[in-house]
Amino acid sequence: MELKVNITSPLKGRLEAVLFSSDEPLRLERLQSIFEVDLPQLKDALQELLIDYAQPGRGVVLQEIAGGFQIRTRSEYAPWIVKLNRNRTTRLSKAATETLAIIAYRQPVTRAELEYLRGVDSGGIVRTLMDRQLVKIVGKKDVPGRPLLYGTSRHFLEFFGLKDLSELPNLHEFADPDEVSLPLEMDFDGDGSS
Amino acid sequence: MELKVNITSPLKGRLEAVLFSSDEPLRLERLQSIFEVDLPQLKDALQELLIDYAQPGRGVVLQEIAGGFQIRTRSEYAPWIVKLNRNRTTRLSKAATETLAIIAYRQPVTRAELEYLRGVDSGGIVRTLMDRQLVKIVGKKDVPGRPLLYGTSRHFLEFFGLKDLSELPNLHEFADPDEVSLPLEMDFDGDGSS
Amino acid sequence: MALSYEVKLDTFEGPLDLLLHLVSKNEMDIYDISMSCITAQYLRYLEQVQEQNLDVASEFLVMAATLMHIKSRMLLPKAEPEEFENEEIDPRAELVQRLLEYRRYKEGAQQLEEYPQLNREVFVRPETVNTVDDGASSAVSEVGVYELVKALRELLKEPPEPIIHAVVKTPLSVADGIQHVLQCLRQQQYLPFRECFCAMPQRDEIIITFIAVLELVKLQLCKIVQLNQHGMIYLYPSDAVRSGRVTSVDGIKSEYH
């Protein structure tokens, strides 16, 4: 492909208009099918747009989120937007964030496993997280009782602005796994004796 | 790239973020009260932003509308946005989800039974679900009039990522502990007095 | 020592959180927890909760029992090798494992908490309401199975009005009923009344058929015969009906309906 030095690339404008009007991240394939262009061409235009939106002093940024692209406000401007519409934010409670973190890192995970890890009943919180569409059912575990398995949703990625799950913050590994001999596989769901 | 000679005023960024996140045009007075700045200062920043958004090749424009300011897509890009919306993914409406839930859990089920549970005519929604291939006709019920029986399709399983129908969660798996037990079995066909 | 601090009750997410707090408060090595010390402090905490007339969540009590169990096992003389195959396993091992894991996830949650969150630090274009029912749009977005359960649960919470049932399911008029009975009686010497119905009749169907039979009796197109009290009811059609000369009755439609 030739160097796209074209400043006023119409594709870039089209991209901006479409990205601007979407309330969800748009995947490359989706953009391609809308504009009917080659992937390299699309990527070039996207690259130009990414640079424009990375300019200092801008209030918005073009980000890769949940496998797609989305224009979002920059987090430092949050106070002003909150002022614009006061009623929009609902915080996750500490317990909800904790549960969500375990689900995110351990997925797929059963409720029994969650509760073993947290040490407390978590049914209500799981329901809340599902109501907020941060968590979804991903299957049933192949053990007696066939308990439901939970995982994070695509909205979870959007919620925290992650490209994918690999962008989750790293967890500290145990200091020295040899120091304690631990049962690596624990029986959570079988006889319920844990 | 356009000449970015202007000083990157933080007010401009704030303005952009707030205008971006608003779903209605914002009047000067409203902006002033959000940012707590002098009118001339606000107007200067707005002027800078207007120039940025007036650059050729952009997909969006900052416009004065109904006495306020709003960022909008440029009209020449309308066809692409129409295309975006046409093949956009839509949520199942509440009514459709409700209907699908009854069909999934009660199948095979007649339209009369559906309407009994939902309390409203459901013909249109059943048709929509059939168009989307989530629901199909599975037979006729052996009662006068031989009404059609509906059930979920193979696509339904794919759509929800289920191996088979036994993977549907049990209703009681999400029960609130303090919730009264629900009448899971209802008498549709006996004397209709339930 | 245990009395030297007050614990705020709502600070802890659960027994593991409390234990972790006690471990770090006492600057213990998490791999070498003093069971007697931590158990005492843990129990003291539960007492404080009870002193304030608050219920101690059962999870905390379970953990108290676990702690005391571990403590007692630590005090036991070393078990006979044949009695405990894994006699080298520290009684605290599982607890330590749980605490380590819990700490890891707690840290993960704290980091996650600091991430910019949608509609808290970061905003996107306002969602345009776009729920389409008419099948015009091609794709359906991620709807979890949970949405289905939720929808059904909500429906079942409010049992529907039975009246709607009857309204929806009334396909028959009295004229239809008469026609149906006449058809049943054709070529019949007599007919058990119940054979005018299908195997599982709807209530409205029963009523309409019953009215139809009364109407036919009034028009002298059939007779009702019962051989003994509580016995089977038979319909005896007139000749005209039996031979099929009368297959419908005019004027009924306008009279009833």
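A, B and C are the chain letters, set down in written order, and residue numbers restart from 1 in every chain.
Keep this in mind: a contact is a pair of C-beta atoms (placed from the backbone, for glycine too) under 8 Å apart; a residue touches a chain by one contact, two chains touch by 3 or more.
If you're wondering where the values come from, they're calculated on a predicted model, not measured in any experiment.
Undergrad: I'd like the most central chain, judged by C-alpha centroids against the all-protein C-alpha centroid.
TA: Closest to the centre of all protein C-alpha atoms: chain B.
Undergrad: Counting only C-alpha atoms to place each centre, which chain is farthest from chain A?
TA: Comparing chain centres, C lies farthest from chain A.
Undergrad: Rounded to a whole Å, what is the gap between the Cα centroids of chain B and chain C?
TA: Distance between chain centres, rounded to whole Å: 25 Å.
Undergrad: Averaged over CA atoms, how far is the centre of chain A from the centre of chain B? Could you give it in whole Å?
TA: 19
Undergrad: Indicate the whole-number Å distance between the mean C-alpha point of chain A and the mean C-alpha point of chain C.
TA: Result: the chain centres lie 29 Å from each other.
Undergrad: Mark out which residues of chain B touch at least two other chains, giving numbers and ranges.
TA: Answer for chain B, listing residues that touch two or more other chains: 17, 20-22, 87-89, 161, 167, 169, 173-174.
Undergrad: What residues in chain C touch two or more of the other chains?
TA: 123-126, 142, 144-146, 150
Undergrad: Show me the residue ranges of chain B that touch chain C in the complex, using the header's touch definition.
TA: Going by the criterion above, the answer is residues 17, 20-23, 85-98, 100-102, 104-105, 112, 115-119, 124-125, 127-128, 131-132, 134, 142-145, 159-162, 167-169, 171, 173-175, 182-184, 186, 189, 191-194.
Undergrad: Within their complex, state which residues of chain B touch chain A.
TA: Spelled out, the residues of chain B in touch with chain A are 1-2, 4, 8-10, 12-22, 26, 34-35, 56-60, 71, 73-74, 77, 80-81, 83-84, 87-89, 161, 163, 166-167, 169, 173-174, 176-177.
Undergrad: Considering the complex alone, what residue numbers of chain C touch chain A?
TA: The contact residues of chain C facing chain A are 13-17, 31, 57, 59, 63, 88-90, 93-94, 96-98, 100-102, 104-109, 111-113, 115-128, 142, 144-146, 150.
Undergrad: What residues of chain C sit close enough to touch chain B in their complex?
TA: 123-126, 130-135, 137-157, 159-162, 164-166, 168-169, 171, 198-203, 205
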